[in-house]
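For reference, the structures are reproduced in the following blocks.
The two complexes that follow have subunit A in common; it is paired with subunit B in the first and with subunit C in the second.
Let's turn to the complex of A and B:
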């Protein structure tokens, strides 16, 4: 199910040339901000939860998920070079699975690791906040990568739709319509984080069993359907 | 295998140049200004998907509708309830709808420049009588105009609605004019940032993600820091932190000079002195965007 050559090509597509800089700039900014906040406000648990929840988990993780998830397959389909990959004797679901693993790994490295470091800088893992949000970022990475990889196979405007989901649905609708929060990867991962942390600073609107089931279901279904999409892929001409 | 051919034709009368009827062009030559105008109008049309496939019209038109619908609803509410004022200031509208504006810039800036890079059409443009400056200015002006249309249309809806609701004419006209100045500044700023980021990559997808990351993350970072500075009771810091993201920059300029209520935490925008700094930074950013684009296109190709 895992093809090292496909994985190597995907890593090169994601991190080659200047793209690693875009991916690296966001975590760097998070670290700079957390250092600045620590210097301005000192160690405070509520501030830590605000920065990690508002900036790291709500903004940074989805954006990196979009870049890694759609970037793993979107550009190849876009410029048509995916036919060279599809014409090799490699199963299409294997290609999707390999690309998913790579996308998850990249998202985790560029989002969960900086979240942990930022949490340690902000309050030295008081009340397990840093670890809780790191776990949330890890869990969210898996679901985001799977969903956005599927988007990459479905639409040529995958990045825009991914961003609309991450920014408009989760951030805007999630804050206005409570029901929308039940259908948000962010809240599901927060449910897992809530279990990890001791205090009441990390909360979620979704119960842990629901969240786990939904996370697993979304990841598996998205991966399966992406494999199906790739099996019957029609190459679109230039618009 | 190079075989030595004997000289094909012996020198003499037999060699001649045939006239096969090529004619030189003697029609009007429309020149540089015409090419620049065409590039501008085509880019502006392209920013709304006009003259492109139906699929590429969907997103810009959808965002345009999403921008205007809240304005129409507000007008309807104001007319129905016979309110004395619109529920939202003209200057505040773009700040509230910034997510939509960011998405529009992110989707259309790469559309405007990345495809030229990817399909290597930039050298073809420069084989016409246009210079680097013409290309950059035409693209910049086109995206800024498209953004101005996007941000000014809902203001127009609000203004017409306000007049229909018989609100105070002088008051509304002043607010509308201030709103227009503010969205013009916002359009120039966002278009510049979007184009600079998008012109670095020939990949549309990466361009979109990079533009949205610059706009959203800078706003997220600035508003987080501002909220913390506000809690720490250092309202001086709140104002200075606002310089570091485009939307708070516009917010600061309009609350200093255009009579807008500030959206900063604590509600205290910059005063006149700080406002001058805001204006200078905003104009500096626009100039810097133009300069960077000029430098980017000095060397054609990647």
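Let's turn to the complex of A and C:
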């Protein structure tokens, strides 16, 4: 199910100079803000939860997920170089699964790790807030990578749609419209994080069982469908 | 030895028919797929390579379906027309990755690089390669698993004459070894130099199939049309029509020129200047009016 050559090609494409810069910029911003907040306001649990919840989990994680998830396959389909993968006796689901693993790993490294560091900087993991949001980022990385990888196989404008989902749905509707929260990767991951944290600062609108089922279902379905898409991928000629 | 068969294959996009009911069999040796731009060659090659499903009909390689059959790629090598090819890798890394995806290793990759004579630049990034070098590395990636069928989409596009010769030699060798090699081109001379057997596609239809020389004869023997302006059009017309190489002449008043239809190309081209000189007529314009490849092809379709 996992092909090391496909993985190597995907890593190198994803971590190429320009994309790595974009991937690194947001975590860096989070860390700079965390250091500034800590220096100006001191250690405060509520502030920590606000920064990690509002900036890290609601904005940074989905954006990194969009870049890594769509970037793991979209550009190859766009420029046609995917033909070198498809013209091989390698099962399409293997290609998708491998790319998913890479996208998850990259999203986790560029979102969960900075979230943990930012949390430690902000309040030294008081009330387990840093660890809770890190767990949320890890869980969300899996679902985001799967959804945005699928988007990369479906649309040439995957990045745009992905960003609209991440910013408009997750960040805006997710915090304003209660109904939208049930269908939000962010809320599902918060349900898992709530279980980990000590206090009442990390909460979710969705129960843990529902969240777990939805996370698993979305990840599996998105991955399966992306494999199907790749099986019937049509490469348009130059004409 | 492999045989690729297309059986009543059509492909349409929306209500545009790109390929219209084509049946052909491609056997060992080099075959040229010839047709003007937009004739449906790339659509055909994409269907042959399993990257596009036929709307109707079937494409099979030695009886095995090509569409949605990953295992078929153990026997097919593909050189796509598009340029993109993991530019951030070196030539060696790229060919090695292709070998690994076939379950092979560095030895096979090195052999393929040697076959296309790219060892000298194998450690440079593909981004720094010229068009011809890219084409050769693409060839190496397609040859790495020693396929019995090689599909190349416009492989000579943008190559300089020396690179073209090298690639032609290589493809000829592949054909002589008993591989089935199919390449597409819109340039008659390219096909002429390389392929004895050709398949001609025009406007999505299969226009001709068979030995190149026979088809070439059809192409040169067709009536040729010329537009001629001279110092005395009517005297020239009278002298030309007396010769059997000319089948019709029209005096076009609006253009102030003669429209001549010649049936014997070689004889007519020798006759025209001689008649003009003998009659003391000055030729002002002599231009073939239907020499475009499209008109040659449409003549073939009608033939």
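In this text, the second predicted complex is superposed on the first by the 235 of 239 C-alpha atoms of A that agree within 3 Å, B and C clash if a C-alpha of one lies under 4 Å from a C-alpha of the other, contacts with A are read in each partner's own complex, and residues count from 1 in each chain.
Operating definition for what follows: a residue touches a chain if its C-beta (ideal position, glycine included) is under 8 Å from a C-beta of that chain, and two chains touch if they have at least 3 such contacts.
This one's a predicted model, so the numbers in the text were calculated from it and none came from an experiment.
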Subunit B versus subunit C as contact partner of A:83, first or second or both or neither: second
Subunit B versus subunit C as contact partner of A:91, first or second or both or neither: second
Partner chain(s) touched by A:231 [first = subunit B, second = subunit C, both, neither]: second
Subunit C versus subunit B, contacts on subunit A by residue: B
Touching partner for A:6 - first (subunit B), second (subunit C), both, neither: second
Residues of subunit A that lie at the interface with subunit B and also at the interface with subunit C: 79, 239
Of subunit B, residues touching subunit A in the complex: 52-53, 55-56, 59, 99, 103, 106-107, 118, 200-201, 203-206, 208-210, 212-213, 216-217, 220-221, 224-225, 227-229, 231-232, 237
Subunit A to subunit B touching residues, read off their complex: 18-19, 22, 25-26, 29, 33, 36-37, 40-41, 47, 50-51, 54-55, 58-60, 63, 66-67, 70-71, 74-75, 78-79, 156-160, 163-164, 167-168, 171-172, 239
Contact footprint of subunit C on subunit A as seen in their complex: 3-6, 8-9, 12-13, 16, 79-81, 83-92, 231-239
Residue ranges of subunit C in contact with subunit A within the complex: 18, 37-38, 40-43, 45-46, 49-53, 68, 70-74, 76-78, 80-82, 84-86, 88-89, 97-98, 100-103, 141, 153
